[in-house]
Amino acid sequence: MAAHNAHEMTWEELRDSIEKVAILPVGSLEQHGPHLPLGTDTIIGVGIAQAVAEEIDAVVFPPVAYGYRSNPFSGGGPLFPGTVDLTAVTVMDLIKDILGEIIADGFTKVLIVNSHFENQFPIQEAMILVDEKFNHSATIIQTNWWDPLEPALIDEVFSEDVFPGWALEHGAVTETSLMMYLAPDAVREDRIPEIAPFTPPAYIRVPNRKSDIPAEGSLANAAHSSAQKGKLIAESACQGILKICAAEFS
Amino acid sequence: MAAHNAHEMTWEELRDSIEKVAILPVGSLEQHGPHLPLGTDTIIGVGIAQAVAEEIDAVVFPPVAYGYRSNPFSGGGPLFPGTVDLTAVTVMDLIKDILGEIIADGFTKVLIVNSHFENQFPIQEAMILVDEKFNHSATIIQTNWWDPLEPALIDEVFSEDVFPGWALEHGAVTETSLMMYLAPDAVREDRIPEIAPFTPPAYIRVPNRKSDIPAEGSLANAAHSSAQKGKLIAESACQGILKICAAEFS
Amino acid sequence: MAAHNAHEMTWEELRDSIEKVAILPVGSLEQHGPHLPLGTDTIIGVGIAQAVAEEIDAVVFPPVAYGYRSNPFSGGGPLFPGTVDLTAVTVMDLIKDILGEIIADGFTKVLIVNSHFENQFPIQEAMILVDEKFNHSATIIQTNWWDPLEPALIDEVFSEDVFPGWALEHGAVTETSLMMYLAPDAVREDRIPEIAPFTPPAYIRVPNRKSDIPAEGSLANAAHSSAQKGKLIAESACQGILKICAAEFS
Amino acid sequence: MAAHNAHEMTWEELRDSIEKVAILPVGSLEQHGPHLPLGTDTIIGVGIAQAVAEEIDAVVFPPVAYGYRSNPFSGGGPLFPGTVDLTAVTVMDLIKDILGEIIADGFTKVLIVNSHFENQFPIQEAMILVDEKFNHSATIIQTNWWDPLEPALIDEVFSEDVFPGWALEHGAVTETSLMMYLAPDAVREDRIPEIAPFTPPAYIRVPNRKSDIPAEGSLANAAHSSAQKGKLIAESACQGILKICAAEFS
Amino acid sequence: MAAHNAHEMTWEELRDSIEKVAILPVGSLEQHGPHLPLGTDTIIGVGIAQAVAEEIDAVVFPPVAYGYRSNPFSGGGPLFPGTVDLTAVTVMDLIKDILGEIIADGFTKVLIVNSHFENQFPIQEAMILVDEKFNHSATIIQTNWWDPLEPALIDEVFSEDVFPGWALEHGAVTETSLMMYLAPDAVREDRIPEIAPFTPPAYIRVPNRKSDIPAEGSLANAAHSSAQKGKLIAESACQGILKICAAEFS
Amino acid sequence: MAAHNAHEMTWEELRDSIEKVAILPVGSLEQHGPHLPLGTDTIIGVGIAQAVAEEIDAVVFPPVAYGYRSNPFSGGGPLFPGTVDLTAVTVMDLIKDILGEIIADGFTKVLIVNSHFENQFPIQEAMILVDEKFNHSATIIQTNWWDPLEPALIDEVFSEDVFPGWALEHGAVTETSLMMYLAPDAVREDRIPEIAPFTPPAYIRVPNRKSDIPAEGSLANAAHSSAQKGKLIAESACQGILKICAAEFS
């Protein structure tokens, strides 16, 4: 809802909101298979951030729409056109600058909703550097949308598939379902791939090779996706994040 | 239009578009007076980028929604809450990474539509570094939306005001008019300020002081803004940019 | 065995070894509970690296003995004296420089054996940057010692405990057992803590608080550790890494 | 006059001068047409700085004799031999270090006299970073020599030419006149070019092309230059800067 | 002795040692002629650090085993395989991070024992940056092992050779003797070269050439080395460092 | 002589000089005792560079007038007002940028004349980085003015004093004599201090203390300085550098 978006507020409205929770969605522009758009992570992150914001009257800052390099064995790295990756230093500096300015404006409760697996580490480094610079004067939380999901929900969503772990849930049933719920027009339903179980090596290797992940770009089966599953996931994520906010920001 | 937005394309669609012009809007999150939202620059930049994209079937990448520090005597610098400024190094690295990835994906025609005055310098540095790294293999253009406007249009828009120069057109008649045209719901028309002519010093000074610019945050009169003026400006900017594309990308 | 350690070779011996696999152990100086020394990660990493080197006649470079910041909810971050953390930029630059020099010397097969959970991300960034700089001329593998373990082994090691996941295996049964096998004199057996099951939040928070992890510094029960378990783990890790080498370096 | 130059003072003399205004000229080594030397910017900046210093008994620090990259459509960028450009990061760090040391020595009034158009932005970034580091304890002013000129003077100087704007006054009538006044031996009067009006595009483009600016390197007509005009400009710039000092440093 | 090594202490033992002197040996991985191993500098530095630690009950941190680039006319630079050089920025950041963490843990007496000539300058820069960051709250000393040697000892060690200066004592009589005393198994006594007096130019040149130093890699005669000389040097270095500690840390 | 100064050449004259040797003097702004000005290093470096340039028709670029931090036990570090020190990173980047542009302009013979002891290390790092970037296409030499002096000359200059080593020849007999010869008006002859022999510790310590060096700022006796000695030194330095040029640039 517009009323929660910082970029739609005037500076005076923002000034009067510094007691609220500031939410920063961090996504990516990355290939997500033949059926999901490049902005999938950002769309999901913003959707969940806004759902949280409506519940607790928070302020959602413009999403970081470009993220850290996707891992070679996860998103496929630079081999898929359309994946626009930032280097680690850039992501760290970018998040550090944004967090620093939000805190300098007076916010003391900051929630980062991350939706791109690889972003976690550079975001964490930025958090630590900002915490040091601002002498521990604000509480900053980073959560992935998938972290606070109820285990029961995961069982339900994966009733027809084996849960491959979050690192492999790329363009697969959870992201596809979330997109069918949050941005149905952006999903090419006729192009949802049936991916055979794919087990990447546990190690990391360079050079990255075209054959490192399935040619479609998805890493696990998305065939059993549905908007209904997406709604359940989004609501569970939102509820989980609300619990974190209650625990850390009150 | 969605069809031109990279974040709404799949990677295969993007891959099939690399002969097109890639457009990167670069905006800011910055105070724009009591009547315009913090995202004004980004909203205008995206609006004009999409108009251009529709004409020449280009690809619009997600906007850079946080920009370089606003000048103390222009946007008021860090003294207004809601202005989330990046440092010069961060902006340069961010633009450098994004441009590099777009070129690595195969695009050879890249257009940056800038809508935040202060962004020009760090964007230019990034362009030069990328040009060197990629051995001059792509043409990259940076234009502000106001640069290619017809002089006659400026006379028309400022028929009731004295044109104060672009550095002072902050939250004033051109930006307000553009917003009334592009995002009318985001304009608080009842809060449009009548600003007395303000002439900042030509020099730059730190420390920045609260009294350096008018308390409202706008730098020039916005009272004579209208959606009609906004439409004229947007169309002239679009036409001007199309001429640049014709000159440089064909 | 000395014959495999680069720092014990002359430059002529090293020059004559560039067809071999170069192994770089990356560890940390970090608290590991009341019973294990600060150098636990480095000692384990070097031990496994040398076991691998003996099997395939590889060259082991001096370990990186200081690692990336331990996560607040994992190693306890900066709150435990003795944890000497590097920032992300330092680790990336350090690994990048070392890898670059090893490759410049002529090695084309490089294996990084990581033994500190948090190192993974900065090492990966360094690998990607080096791969780009050297134009993909060497194969670089990063593996944690725990990644290639046989699932059956994990069941055996955790016959008396619930496996808490690798992020929580800090100062717990696997590391303690490995140390009892590799460096028994360094283990204070009388100080092995009986830690109640600890479930940290899935999210990340700053500021870090003393109460974020158990006061002892261990994250899971180490009571059922044994040198015999350590031997099994070390051998399984070694075997697993040999398989990776066979797959990637032949 | 030597008595005002920091590099000609002993440390004890400098120590006894910290109540005075510290002046830092920032110039460039850049092509200035066929008739002006590469050090034109530095020579002008130092000349005006010393004139100011004599009036208010200030201390002139050694000039920064290498500046930020000249813009492709302004100074011609890297295509003219003799232009020795610094990258943005180097200029920012250099100015930041120098300002920081001057302030650490006890000066609280610092005036930067800039004479190279492109330097403005990296100098400003450095000023902001130093202001933050030293907690707003010194007033730092940056002015270009052309900023405080009286409008009437500009009319007089351009009585025979159309004023093309300061970005195009490169190797043209103002710089040539100033050099004829300040360093007449350094001007090749027989090589003063008659340049046809040149209107560069308003946008910025890479790659830079040899044809982007006139082959001579000057951007506007210098034929009507004279030492008398140079004297008027230098005196007006000096007077204007003295007014700034009076307003900001008393 | 193990009891002095930080990496063999638990975090509680380290915590109880912060009143002691913290010693950080900084070495290198660098060619040292046909008869000495690549780790010569690190082995010597650790040996002397531990001797000092035993005398004053200090804590020895893990050595920095990779050092700053060897000079072209000294160690031969990158032309000898096995020399793994770090760039200046990496060494400075690495030492800065380590020192900062040691001081943050509570140590106020820090001694750096350097054993690689070229490390001196980047270590000094790191010391200054840390001193500034921690507001002069700890005393940090850097000494090379050769600096505090008694002049009489140098005469004795060089009774059969001309002392070529420390920059040329590379793989020569002092280092070889020290290694024969500290790590005799690592010395290839049959490969000790008889090097003709070598006088490199006093200047520095790039590109580095294979012929810049003797082909063996040693820079001065090592034929008259002995474990007895090594013992004398080690003891004198230790005594000298103890005097520094007495003067600065009490 | 003006004809050799790059900043007094037009770009066309510089373009026609790229076959010549390019000379870059690197100095400092640093306390040099009660009798010598802060710019002593730069004045000496430029003086010698110009003498060399006249002999071999070389091009002298504007001096780098701010240098790397003076050592605490040498120049006294930051404790003397007027010493304006750059950090190591800034000096390296600055020299790297300047060298890179000189080489990009076509020069293949570059001579750096250094006159500030502490500059050697960051200049060397910059040389190596540029050499790598430009693929060894230019020969770059760095020499201090004191390195190529004839030993006999040193005996002559120090006939009345003990030569304390170059690190302590700060504001002492060689620099004072050179200044009496090169810039006699800048020497306060009545303030030449008679300094008792000063032996700083061989180690490096932070924090720096006011008592670390003599209160005057000079480190050795300057009483026996003379313009005649200065002339001998300058000529010997020039002759020595000419030999280096003959050896390396022909």
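Just so it is clear, A, B, C, D, E and F label the chains in written order, and each chain counts residues from 1 on its own.
The rule is short, and it goes like this: a contact is a pair of C-beta atoms (placed from the backbone, for glycine too) under 8 Å apart; a residue touches a chain by one contact, two chains touch by 3 or more.
What you see is a predicted model, and the numbers here were worked out from it, not measured in a lab.
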>> Hop distance check: subunit C to subunit D, minimum number of steps through touching chains?
In response: 3
> Of all the other chains, whose mean CA position lies farthest from subunit C?
Replying inline: D
> Counting a repeat as over half of the contact pairs in common, which of A-B, B-D or D-F repeats E-F?
Replying inline: B-D
> In angstrom, rounded to a whole number, how far apart do the mean CA points of subunit D and subunit E lie?
Replying inline: 48
> For subunit A and subunit C, what's the span in angstrom between their mean Cα positions?
Replying inline: 29
>> Roughly how far is subunit A from subunit F, centre to centre by C-alpha average, rounded to an integer in Å?
In response: 55
> Residues of subunit E that touch two or more other chains: which are they?
Replying inline: 87, 89
> Think of each chain as a node with edges to the chains it touches; is that a line, ring, star, complete or other?
Replying inline: ring
> If you start at subunit A and step next to subunit C, which chains follow, in turn, all the way round the ring?
Replying inline: A, C, E, F, D, B
> subunit D touches which residues of subunit F in the complex?
Replying inline: 2, 5-12, 14-15, 18, 29, 31-39, 42-43, 61-63, 65-66, 78, 80-87, 89-90, 93-94, 96-98, 101-102, 104-106, 185-186, 188, 191, 217
> Where on subunit E does subunit F make contact in their complex?
Replying inline: 69, 71, 87-89, 92, 120-125, 127-131, 136, 139-144, 147-148, 201-208, 244, 248
